[in-house]
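Below: one structure, written as structure tokens.
By written order: A, B, C, D and E. Residues from 1 in each chain.
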Amino acid sequence: MLLKSMAQKAGMSPGSLVPISDEPVNPTRISIIEYDQDYLEQVEATDEGMVAKEKASPRVTWFKVEGVGQVEAISRLGEIFGLHPLVLEDVVNTTQRPKVEEYEDYVFMVLKSVHYDQDTGAISDEQVSLVLGRSWLISFQEGGRELFGPVLERLKKGRGRIRQLGPDYLAYVLMDAVIDNYFVALEALGDEVEELEDDLLEGHDPKAMHRLHELKRQAMGFRKAVWPLREVVAWLSREGSTLVHADMHPFLRDLYDHTVQIIDQVETLRDLLSGLLDVYLSGVSNRMNEVMKVLTIIATLFIPLTFLAGLYGMNFKWMPELEWKWGYPAVLAIMLVSVIGMLIYFRRKKWL
Amino acid sequence: MLLKSMAQKAGMSPGSLVPISDEPVNPTRISIIEYDQDYLEQVEATDEGMVAKEKASPRVTWFKVEGVGQVEAISRLGEIFGLHPLVLEDVVNTTQRPKVEEYEDYVFMVLKSVHYDQDTGAISDEQVSLVLGRSWLISFQEGGRELFGPVLERLKKGRGRIRQLGPDYLAYVLMDAVIDNYFVALEALGDEVEELEDDLLEGHDPKAMHRLHELKRQAMGFRKAVWPLREVVAWLSREGSTLVHADMHPFLRDLYDHTVQIIDQVETLRDLLSGLLDVYLSGVSNRMNEVMKVLTIIATLFIPLTFLAGLYGMNFKWMPELEWKWGYPAVLAIMLVSVIGMLIYFRRKKWL
Amino acid sequence: MLLKSMAQKAGMSPGSLVPISDEPVNPTRISIIEYDQDYLEQVEATDEGMVAKEKASPRVTWFKVEGVGQVEAISRLGEIFGLHPLVLEDVVNTTQRPKVEEYEDYVFMVLKSVHYDQDTGAISDEQVSLVLGRSWLISFQEGGRELFGPVLERLKKGRGRIRQLGPDYLAYVLMDAVIDNYFVALEALGDEVEELEDDLLEGHDPKAMHRLHELKRQAMGFRKAVWPLREVVAWLSREGSTLVHADMHPFLRDLYDHTVQIIDQVETLRDLLSGLLDVYLSGVSNRMNEVMKVLTIIATLFIPLTFLAGLYGMNFKWMPELEWKWGYPAVLAIMLVSVIGMLIYFRRKKWL
Amino acid sequence: MLLKSMAQKAGMSPGSLVPISDEPVNPTRISIIEYDQDYLEQVEATDEGMVAKEKASPRVTWFKVEGVGQVEAISRLGEIFGLHPLVLEDVVNTTQRPKVEEYEDYVFMVLKSVHYDQDTGAISDEQVSLVLGRSWLISFQEGGRELFGPVLERLKKGRGRIRQLGPDYLAYVLMDAVIDNYFVALEALGDEVEELEDDLLEGHDPKAMHRLHELKRQAMGFRKAVWPLREVVAWLSREGSTLVHADMHPFLRDLYDHTVQIIDQVETLRDLLSGLLDVYLSGVSNRMNEVMKVLTIIATLFIPLTFLAGLYGMNFKWMPELEWKWGYPAVLAIMLVSVIGMLIYFRRKKWL
Amino acid sequence: MLLKSMAQKAGMSPGSLVPISDEPVNPTRISIIEYDQDYLEQVEATDEGMVAKEKASPRVTWFKVEGVGQVEAISRLGEIFGLHPLVLEDVVNTTQRPKVEEYEDYVFMVLKSVHYDQDTGAISDEQVSLVLGRSWLISFQEGGRELFGPVLERLKKGRGRIRQLGPDYLAYVLMDAVIDNYFVALEALGDEVEELEDDLLEGHDPKAMHRLHELKRQAMGFRKAVWPLREVVAWLSREGSTLVHADMHPFLRDLYDHTVQIIDQVETLRDLLSGLLDVYLSGVSNRMNEVMKVLTIIATLFIPLTFLAGLYGMNFKWMPELEWKWGYPAVLAIMLVSVIGMLIYFRRKKWL
């Protein structure tokens, strides 16, 4: 997943629309939500004429596109809104890095949403593209997950500023929804890291290195997604565009703070993980040390004794000690003394 | 603690006030200190009217808010002072990074204070937010710890510049108090690092890796808090705001120097800690080496002797050596020579 | 290959044309493609007069030069187009880093194309130089590989914008073709890394370190080629040149995004590879640990038993145990107890 | 020493003068050197009146303050020259990083001088503060070491430019004297590193890790002192102050080059030291390898022989080999063959 | 060599001319080459008058100074050309980093030339200083090596641009000659690295760590010399000086590309070397593993057998097995089974 490739586009004309995936095409579904302070209507777009008509509405109009696999639909949408062919290519080709591009009549943004699956613990990502015009906003989602459900709810309930302000505020709210998902996924990742940390500090987990490696990969993927996201928000909040009202700046700055917080936490995770690698490796070394100590203690205690026993097991004719009455007890005593001496030596070395 | 999450806010409208913690709410207590060179009065705010009245005072007025868990109180305060909803959200949601934001009528600052508990050795942090207006200053503390006690004392005693200058100087003094706590905590951390260093250089501490890891985490947390703090102070001392008088610049520059000193020391600690990891790991290797040497010396000395003893313990009918009168002493002599040879070999290798 | 040297040029006058390689010279072949929206003609240049004539054409003219080993041909070309001697030196001396240089009448670009050989798995590179004039473009390829075949096909089929726009668009299309090859090679490299990762996580591959090292080298070479490439495209898309039409900017920005994506993936590969080194080294340590455990268990079980057996193999006259009826069974029982005790000990230590 | 703390100032009013050390106070000694091209007089300041009088002199006047422990003296000096309270605080509190601050009438600089003690090999540091006015210069030294002795000598001998130029040149000469000490200390450090390098490459030094760690600490301390020093000199040589004459620029640029050279050498030392850690660790591993080889060779040679001897030491009634005439020599021959075979095997493995 | 120190200058007046080395002084030899397109004359300068006369020549005049040990000669030259004392100090004190400084009438450059000695494999460096005036150029070489011989040849043969252009082009040609030497030395270094790489990947070289360390040191020294060199050339090619004609820019840009290529290769070497350290260390670990395996296999095979043999070597009166007819063959059979079982176990573990 980290290395999704654009290799299959090699040799094609730039700007050609080819969906990135070989999977069966996600049907492209377009909902049109037209609203102002007093009015809200949601319809499903069934043909292009409808889209063209709604585009001309003086109210704020949100074109919510789910599934970008049907290239023809995307292409017709592009024609209606006069989008640059490269914009459409980026919408369809879902391997983009987050970025923002300003065109004459619209601003084009690519975001990555992450999703943490609580059952499997897997973190997947999804490309979200926004095109912000003077009175309309198009949102493209790669898949059909209900990413913007809560936003739609809020719109319908007419709560707060969202109904009073323009499509720029709507864009901000959608970006906020995307970024909130990072916190959820990051918390899950953080929990896994703390669990691994506890396991490592307590004892031996044969799978620890695999888990560590996997977490590192995930943190790496996160980082790759969130750094350019920060740049996108920074550009909007600092330089901005004439399509973004000045009142939006505190909100965008807040969004920017969120991305910085996410980066902070990702970097902290990475630092923690590289610290855990040290803990793990030093644990391996310590266990080896302990194994070696046991071997050394046993061998050092018994090898001299075995030698002594072997010595008096020799069959020489003339071995006067063997005849002595106290020979056997004497040897036993020598053995005992040797063992005690060794034990004292080990204790001094703090091996026992 | 490092990974406190904003995950629970996912799906909510931006700017909603939700306290970050599930703990029983800290009661919000507001003290109002109104002063000029000749006058000082401190009252506890009991209702909003009082706050609104004091806000209009021509004297310097310090609204000292302790505990940010009571969302309604904070919210009413925000209305009286005309604060942006995102400012209130940042005050209540105490997972912010230190930052400074300039609004039309006020400057909003978020700081992190650290607290070193001498009994447990734990380092905890607490969010402090300051809102600086033309003639007033609001300070929000996350908890109820007496962070600004000494400043209040100084105010009451009427010592020094503090009573002659405006709320910008008061803000500076509060920031200085916050930053001074870093030095205290950093010194405690530094002492622990030096203690660990001595333990590591002297010998074997089975818990060393855990302590090292823990200290690393703490230094990491420190670093995360203090870098953005530096940016806050740098912004104030360089670009500044019209709410901050030009005379304040030497003071802010001094504060900036303090944050740089703190960063310097944190980085030094991190370098020391990564040096200690090397010391630790090389210590582990050296101990392993020593264990192996003992095993090798013992085994190498006795294994050949044991073989010899075994050889003359065989029960072959025809073994002429066994009949010889000097067989036994000869074998003993050979053994002695072998041991001495080995010892010389080991000495040459500097194993003994 | 990484360290191709300019050492043989030491002591020569700057700007002298010396081909970098000692290999037999690649014949230099020049094709001239002259086209506008309605017209296209391709001829092979047989003498200089022809080149000079075509250069004056009002249509877009593409001089496609393959093989830069014939210094005289390159030199004559340089005279016709009035190229700076250092430009010709850089074309012939194929150890350049990617770069762009603006001259009065033309823009000179050096690129590196990579080629992944599916049979051998080897990645080779080739220098491509472009000189963009007002109405013409010269492309120099180091070797004779059909790098620009698909572009030529598209031109001939008259598809898309390529026939309507100027030589700047043609230059963009050629750069796009070069950059697309990176995705192909990068995907191959990524597959090898994932294969190695699986091998490492599953078990022991004696060649793993060699493969890891080889992949690291390749990633390093990639990185070296692609960073300056990014700068080239960034310069074109940001500062640009009067020879590049403003309409080209979205295309160049898209190209820039591609180079950033490539860099992202190369950096990810490098991170993965350094993570794999940790996995590999911890695997080696773990295997050593396991070997040591087996040795320790066997030795610890049997060494005391061997000692006991040796003890009762001594030939002392007076050893009362030897006379006892239950001596032998008792010793066997003691041995059994010792073995069981040891096994319990090992189980507690989780060695079994 | 690296972590000298400002912790004891926590809770105090900013700008309070508290000496940093608990040691008995260094007496503060003030010498006044007044000079121009033709005149030089040095007196010891006994009271403030004298200082105030000399300050007004049209000649260049150097106030040379040694020992900053007597807070009252420093404080009075500050009043006479109208120094900002924070400047005095920085002079007395000798834990500052090197820095430069421009005030209306004077420039304030903090430097760190290092001193290498040839007998103990210890490197200590000392804070030097300079305040440069229109016609006067104050130098504060933390201790009483004769740091500026040679400069005073040169002044008295009337050699060179020093007597013709203003206090800015004097400041430069003092800074040069401070920076020259770095070269001395750095050379001593470099010698120690080279010595350690030789020891490590030749063989085993049980104290190597301690020495390495100690040198790393020292290089770290150096680095911490010299980076901000570079910034100080860079500021003076680039932006400068109206108090520094334009003619001074080549000199300041030269000083800047010196600080860059020092940083270069410190970084080189750090690189060398981290290379030495690798050398050390690989040495430890190699020695372990050698120990293991000796053990393995001895054990592998003798264990099978001992088994054979044990085999024919068994007391079975029916063991036909024991009765054979050539049994004993045959066993000896087998043993010999086994040993020779092993030795050939080891030689092939290059263990011998 | 890396840490040549300026320590002996501590305490001296800045700008004093003291040669850095204690070696017997290199005689300073000055050749004067005066030329324009049609004329060239080379004379050896025998006294100052001659130098002063030639300086005034309207032709391009190259003062080629070899050996900077004779301080008086350098000093007189400085007076004639009006050079700043610090320039002379930098010429004589050959521990400078490469740098460029612009004075009113001349530009002063310090370069480091490297020399690879093919016989000893040693890389030495030499300081080259250039002073570029309106119509003259002075080149100072630290030693007497014929560094600029080929340039002089080219001048005399009247080849190429060199005779038509001014002293700025001559300076460029000399810098080019210096930089070309880096490629030669770098190629030699690269060859050594590849040789070491082959040795490491093939097997065990006991000196590998020493060679690795030595190569690292050399790469470090290279890097230290070439980074500031790049800055020098960058300054000349970007900001430039009025003494450098605009036509020079393509040449300087080319020179800059060369320095960047050198840096690229040095960084590649460093990466390769740190990769080789990993290869080396993993090789050490693998060899240790192999040694341990041999020991473990032998010990595990024979220790149980030895125990069994010892068991039936006991002298108990009542040991029924000893009386059995098939006792001995049965024990032999058990031993055989045990050995076979072990071998199967080892094969499963892939130790055999």
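Here is the rule we go by: a residue touches a chain if its C-beta (ideal position, glycine included) is under 8 Å from a C-beta of that chain, and two chains touch if they have at least 3 such contacts.
Everything numeric in this text was worked out from a predicted model, so none of it was measured.
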Where subunit A and subunit D overlap in contact partners, by chain label: B
Length of the line joining the C-alpha centres of subunit D and subunit E, rounded to whole Å: 26
Distance from the mean Cα position of subunit E to that of subunit A, given in whole angstrom: 42
Rounded Å distance, subunit B centre to subunit C centre (Cα mean): 42
Residues within subunit A bordering two or more other chains: 281, 285, 288, 292, 295, 299, 303, 306, 310, 313-315, 319
Running round the ring (origin subunit B, first step to subunit D), the chains in order: B, D, E, C, A
Subunit B-facing residues of subunit A, complex: 150, 154, 159-160, 162, 172-173, 176-177, 180-181, 183-184, 186-187, 190, 194, 201, 250-251, 253-254, 257-258, 260-261, 264-265, 268-269, 271-272, 275, 278-279, 281-283, 285-286, 288-289, 292-293, 295-296, 299-300, 303-304, 306-307, 310-311, 313-319, 349-351
Contact set on subunit B toward subunit A in their complex: 2-3, 5-7, 9-11, 13-15, 84, 86, 89-90, 95-97, 99, 101, 103, 203-204, 206, 209-210, 213, 216-217, 220, 224, 277, 280-281, 284-285, 287-288, 290-292, 294-295, 298-299, 302-303, 305-306, 309-310, 312-315, 319, 321-325, 327-328, 331
